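For clarity, chains are labelled A, B, C and D in written order, and residue numbers in each chain start from 1.
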Amino acid sequence: MIAPFSEVLVVAGILFALGAFCAVVRRNLIMIVLGIEIMLNAASIVFVGASLHLSNLDGQSFVLFILAVAATEVSVGLAIIVYAFRRTGSFDPGNFNLLG
Amino acid sequence: MQMEPASFPFLSAILLSCVVGMITIIVIPEEKKLLIKQVSVFFSGICLLLSVYVFFAFNRSAGGFQFVENVNWIPSLGISYFNGVDGFSLPNILLTGIVFFTGVLTMWELETRVKEYFALYFVLVAGVFGLFMSLDLFFIFVWYDVSLFPMYLLIAVWGTTRKEYGAMKLTLYLLAGSALILPAIIFLWAKSGLDTFSFVSLMHPGLFTPSVQKFAFLLLFIGFGILAAVWPFHTWSPDGHVAAPHGVSMVHAGVLMKIGAFGVLRLAIMLCPLGWIYWAKLMAVLAIIGIIYGALAGLRQTDLKYVIGYSSVSHMGVVGLGLSTVTVEGLNGAVFQMFAHGIMTALFFSSVGYIYDRTHTKNIPELGGLSRIVPVASAFFIVAALAGIGLPGLANFWGELVVFLAAFKVYPLFGVIAVVTLVVTALFMLRVVQKTFYGPANPRYAALRDVTPWLGVPRIILVAVLLILGLYPALLFNVIRTASVPFMNGLPR
Amino acid sequence: MNWMTFSGPEIFYFGASLWFLLLTFTAKPESVNSGARGRTYLTAIFLASAGILVCLASVHAEGWLFIKAYKVDPFSQVFKTLLSLGLFLIVCICGQMTDIDERRHNEFFFLLFSCTLALMLLVSADHLLSIYLSLELSSYSLYILVALRKRRAQGLEAGIKYFLIGSFASAIMLFGMALLYSTCATAYLPEMAKVLPGMIGAPAVVTGLVFTLGGFFFKLAVFPFHSWAPDTYQGAPNQVAAYIATASKVAGIAIILRVLASAGQGSPYLVHILVILSVVSMTLGNLAAIAQKDLKRLLAFSTVAHSGYVLLAVLVMDASAYSAAIFYAVAILVMKFTAFMVVVELAPDGRNLRIDELAGLHRRSPLMALALLVALFSLAGIPPTIGFTGKFLIFTAAIQKGYVALVIIAMINVVISLYYYLLVIKAAYLLEPARTLPPLVLSFPKRLLAGLSIVTIVVAGFCPYWLIQIAQAAAQPLILGR
Amino acid sequence: MAGSPAHSVDLAALLAATALPFFSFLAIIVATRGRPKVSAGLSIGAAAVCLGCSIGLLAFHSGLSAPIEFSTSLIASSGLNIPFGFLVDKLNLLMIVVVSTICFLVQVYSLGYMAKDPGFSRYYAFMSLFTWAMMSLALSASLLQLYFFWELVGLSSYLLIGFWYEKWSATQAGKKAFVMTRAGDAAFFIGILLLFIHTGDLNIAHLDSRSALAGVPPSFITLSAILIFGGIVGKSAQFPLLTWLPDAMEGPTPVSALLHSATMVAAGVYLFARLYPFFSLSPTAMSVFLAIGTISMLLASTMAMVSRDIKKVWAYSTISQLGFMIMALGAGGYFAGVFHLTTHAGFKALLFLCSGVFIHRFETNDVFELGRLGARRMLIPMISMVLGAAALSGLPPLSGYFSKEAVMGSLAGLPDHVWLAAGLCGVFLTAYYSFRLIFILLFPRERVSGEPEGAHGAAHKAEYGAMALPLIILSTVTVFLGFFETPLRHFIGVAGEVGQAPTWPHTAALALAVAGAAVAWIEFGRKGAAQIGFVERIEPLHRLFAERWYIDHFYGLLVNRVVDRGIARLCELNDRKVIDGSIDGLCEATVESGRVVATLQTVMVQYRLLAIFAVLVLLALYYYY
């Protein structure tokens, strides 16, 4: 392994934070989903790094599944979001706050 | 502790007749109001007879717990369905039987939502009975809350003045009490290490360390003290009394407040005697404040039921004072006073109920001169007021006498204050009697009819009990003694 | 390997959802008549009830599947039975789903059954990956179920919020799992259980554990992952809300127990976190519920509060606490279902029920009023109801561990909660409607259902020993797994 | 318990004398409220049996040497044994004869007086209740039992004063009487409890033989004696609790005769006599009692001098005579006190019953009015009243003369002559106000109007007959009882006590009594007298006396301002504002915070994500911190 595992963790951590930041800050439903995807990727990086670090293949399989799940997530999420967009013409999460 | 198993489960039979009564009422169609009332009277009559039987069949020379029934319930936690009566609970069971029966009769003229009323009423009373006879901490708590939960509806639906406020206040207050009781019970269970909730097994003086006892006692005392209207946790009681329908006020002031005092006695005092001794001064101070305070605040009230409510605070203060003395007489007097006060307030509310049902007011200035129009109904109230004053010949006198005697031994100053408060009590009781029943008759009420014999039955029963115990208090003292003397003898000093 | 026999429930539910999927393909969108709808419903009822039997039949099964990533033990089987029961109950109240497009009923049942399947997989999952996958599968079904509502604005909003918060939480969980995996060098829970107690103090482990729990907290609606609950309950179709409140919660409790049981109790920090979250959840849930006007939203906040009580059991981490939590899962299932049943029955057109709409219920339908009364008192934890017994068991376990103050806080919360439950009861028993509403006519099965719910709540509260024994048996593997 | 036949006869008689009135009370209340004749019959029958039993017991035990005791334990919890029973000695033999005689006579009299009252049955029920309580009180064996009946006597007094409950002033008076005596009783009760705690024995015989008091410190005996005396102050309307008695005259006149002059108020004095040996253990307490008796005697006399209400005059005079008795007892004149109690019961009942006849006939209480309407034409009551007034003033040869001389004798025995001077002053005042009243009645200023006596019908005749008979009997008693002083003295058995007191106080007392009567004659009796007393000429003094020395004002202030509008209001406010306010405030705050929290839950979805993130960061910070 070229890079030490701790540096992998740092990178993943930064990526995770960036994803979270994106999800929290951008007032756009699509961007929120995107941010969440980035967080998933951060996790994937840790899994891969750990898998290499530990010489354990579980992590690799994890990543495979994450890819699939992320795709599902995007499809389900986008389906709902796009439908919502069609009804309201807006991606602003603030427009979807009528309940309560 | 000596225990005599029951040859026949009389105690469960009492509970069962409550439950069967409730189910029968639920099954009857709503429209058949008279039938519902008859069924209620029938089943409450059975309860009364059973409790009277148990009272007289109790072996006074043997003492201890009798009529014991014990069935494993949740063995993994050491919970068992464990019933039995001793000298402390027996008077309360009799009291409940009497108040239950008379309470049903008092509401004989109820016309709205009869079925629901009596069904809930039976649940309430089942809880009360269960609490008094249960010897398992888990079940004591369960019964406590069973008696609590119909209360909100009973008051909020059938009540009168500020009923929703009163009902909510009462329910939340009492639940707040149980919020302290439940942790305390489990705490004791955990600390005992015996893995049992059985009261009898936990009642060994050396079982808990002093610090455990002090802590648990405080929780239990405040928790049950709320129900016993210990100052300053008493304000639910006048508001609740006023709001509740009369039959419920009877159970509520007559029996439910006794649950509080009984809980303090049974759980706090008997399980944590060292805590009792440690906190006795606090109890005494709160009790004496309650005595004066209730009487003085009662002086200012213009609503009949508020007057009674505050007098209850004062009288329950006497019970608290008795319990706080850490003497045999104190316990005897307190339990006797519990019984006497229960009967007295039941009579009060029963009489007020009769008057309110006809005049549609409890506001004293609007009444007046009722003695001329409804002499018998007035007489019942006056008897209750005289009992409240502590007049000899009626039961309350003995309770107060014995409590004051004990108080004089231990807290002479408090004893003096309590006796002097009797004057204030007399003043406000007589003032109410005067303003309500004396003076020129109010023409507005000229058409009122006096109590018919049938409607008079509950009040006559209550008056008779007050009178019998007033003239022959030993009937009750002999029973109470079987519990108090062994308990105090076994107390670690 | 006779995996066919002991993974019966999963296979059955897989088949059932497949069946509905096929129906979805075959049904012609234009020609949905009442007969077809009735057939779909009857099928669903039949399959759901058969599912219970299958679960019961395999309740004693034990073993591993998929290279030990999937564990079948009494714990999982009891929960599977509960889930199948939950599904059956929910299907029972799906008779008149006016709030979901009739053409979508097949899809609805497909999603419902596949969600149940996913939850069943979840309770058996013994590997981080299987946990993650089944969790996601159940969540996606629910996202769509929530958005299915005919009242689109509400359904969509609820769906969006549920989805966003859910996927955010699962991303956090996944990151946590990655951390755990990287530190423990394994993704098997039993393996982790062996190493975790020794290194519980390490920052990566604690972070990983807390992040992982986040995903489960989301399922259970624990603070701060609770914020989807009120909106989702309010926006989702009544039946779906009922499902989320019951079956989904039960599975959430199961998985949180399994994961924390393997984490062990070595870390005071973890316990502190759980204490904080538990107290905040119950307090916040109860406080927020006071101000609610919408009955479903109120129940959502009460769910948050109940998660707090469950966490109280979880954080004690011993055998009695686990069995208490399992018992409480049963309690939540029964009492939440009863409350939602009333909501569904009172809103035949599928609208949301405001609390003041309950006015006059005691006259319109005494049975429903009684069911509501009993359910709410049970939720509040007043004996003799199953809710009380559940709380009692939890408190017993907590106090045995010395958490007296925590129990007192919980009891104070019970007092607060009684306040708003009483407001609802007041509406049902005390208020009179502005205009007189016709009596509520209930079919015999519905009355039977309501009656059984009431009896179950009361009897299980009064004579809980049988249930406690089951809960203890179910908790056994958690202890031995250490 | 007793075994011999004589004892069982005694016991039966005692039981009959105490229990029968009670049963008659119950029977009237429960069964015969609608039938006045039966009720009256029951009640009078019970009273007659009482009278018979009392006289029988007195006759049988005239040579009683030691007290007879019957007792059984009423409640016995451990450490608490309260015996109930009978204690029969000479003092209460005399007392029960007095009580039952007056009871019987008054009840007969009431047949006429109450004839047309709608509450006739109720009246007799309460009368029976009183008879029961009073007889039992007199025969009580223990102090607690005595207290028990003491309160019941108070109850019957309350009920009878407020008998005409539609009259507001009557109910007010009843309440006042009960509460004021209750205030005294509180002290009494405390005294009993203290005594019980320190001696463990409340048996009157034991207390009197002082056997129970061994080892009890004297200061303690003084304290409990003074506290017990509090009860006497209340019941016998002594200073400072004396104002309830004149108000109690709102009740029917026979009630005033029975309860508020002859028997019930005398119960205080009886208690004093009962516990005389105990009280006399403490000289301090005795002098306190003497002082209180003196003050009450003088105060009440002054009040009587200005009253226009015939019953109130006698009520004040009752207070002052009770003061005389207490003075006598306090001065050590045991026999004098008891003897005065006996004679006073006779002549005071007589006076009230006579007044009752007038009031019944003329329906007014005002003395001047009565005189104007022709009270003097009613021969029997008028003569009886003159006799009674003369006895009250202490003129020979009536009973009052003898007993008052005895009282003066005992006062003269004291080293300090202040008491005697006060007593003599009291004698003068007594004679003055008694004859003031008599002369106003006899010599009205305006012309006597009203029809001649024979004009009213047969019904009136019957009523009059029922009323006249007791008058005659009591007059006879008043005339002759004085001559039984020596036998009585021997019976009571304190012969040695009189000693060789100087005779001048007796002479002085007689002279002052005559002087008082003479002053009254000058001011009220002689032709052309203005019928304005010398006190009435001094306005401030008159007002002071008429306002009862402002004692009532003080109590009114105390009850209304201090207790009612002061402390009680504070309590109520505290309840409403502080306790309820804080509880309600707490609930409001909870609900309000619930609103805030609920509002926080409606924020946009991103803020919720932010919240999740923030909490996780905070938790991490907590960990690293």
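The working rule: contacts are C-beta pairs under 8 Å (C-beta built on N, C-alpha and C of every residue); 3 or more make two chains touch, one makes a residue touch a chain.
Keep in mind that what you see is a predicted model, and the values were worked out from it rather than measured.
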Centrality ranking, top chain (CA atoms only): B
Inter-centroid spacing, subunit C versus subunit B (mean Cα positions, whole Å): 42
Centre-of-Cα separation between subunit B and subunit A, whole angstrom: 64
Whole-Å gap separating subunit C and subunit D, where each centre is the average of the chain's CA atoms: 77
Quick check: how many Å separate the C-alpha centres of subunit A and subunit D? 96
At least two other chains touched by the same residue of subunit A: list those residues. 20, 23, 32, 93, 96-97, 99-100
Residues of subunit D touching 2+ other chains? 587, 598, 601, 605, 609
Per-residue multi-chain contacts in subunit C, two or more chains: 160-161, 164, 168, 172, 230, 419
Touching pairs here come out as A-C, A-D, B-C, B-D, C-D
If you look only at subunit D, which of its residues touch subunit B in the complex? 73-80, 144, 147-149, 151-152, 155, 158, 162, 165-166, 168, 171-172, 174-175, 178-179, 182-183, 186, 189-190, 193-194, 196-197, 559, 563-564, 567-569, 571-572, 575, 579-580, 583, 587
Going by the contact rule at the top, pick out the subunit D residues touching subunit A in the complex. 598, 601-606, 609-610, 613
For the subunit C and subunit D complex, residues of the former touching the latter: 160-161, 164-165, 168-169, 172, 203, 206-207, 210-211, 214, 223-225, 227-228, 230, 269, 272-273, 276, 284, 286-292, 301, 416, 419
In the complex of these two chains, what residues of subunit A are touching subunit D? 20, 23-25, 27, 32, 93-94, 96-97, 99-100
Along subunit D, where are the residues that touch subunit C in the complex? 587, 590-591, 593-595, 597-601, 605, 608-609, 611-612, 614-616, 619-620, 622-624
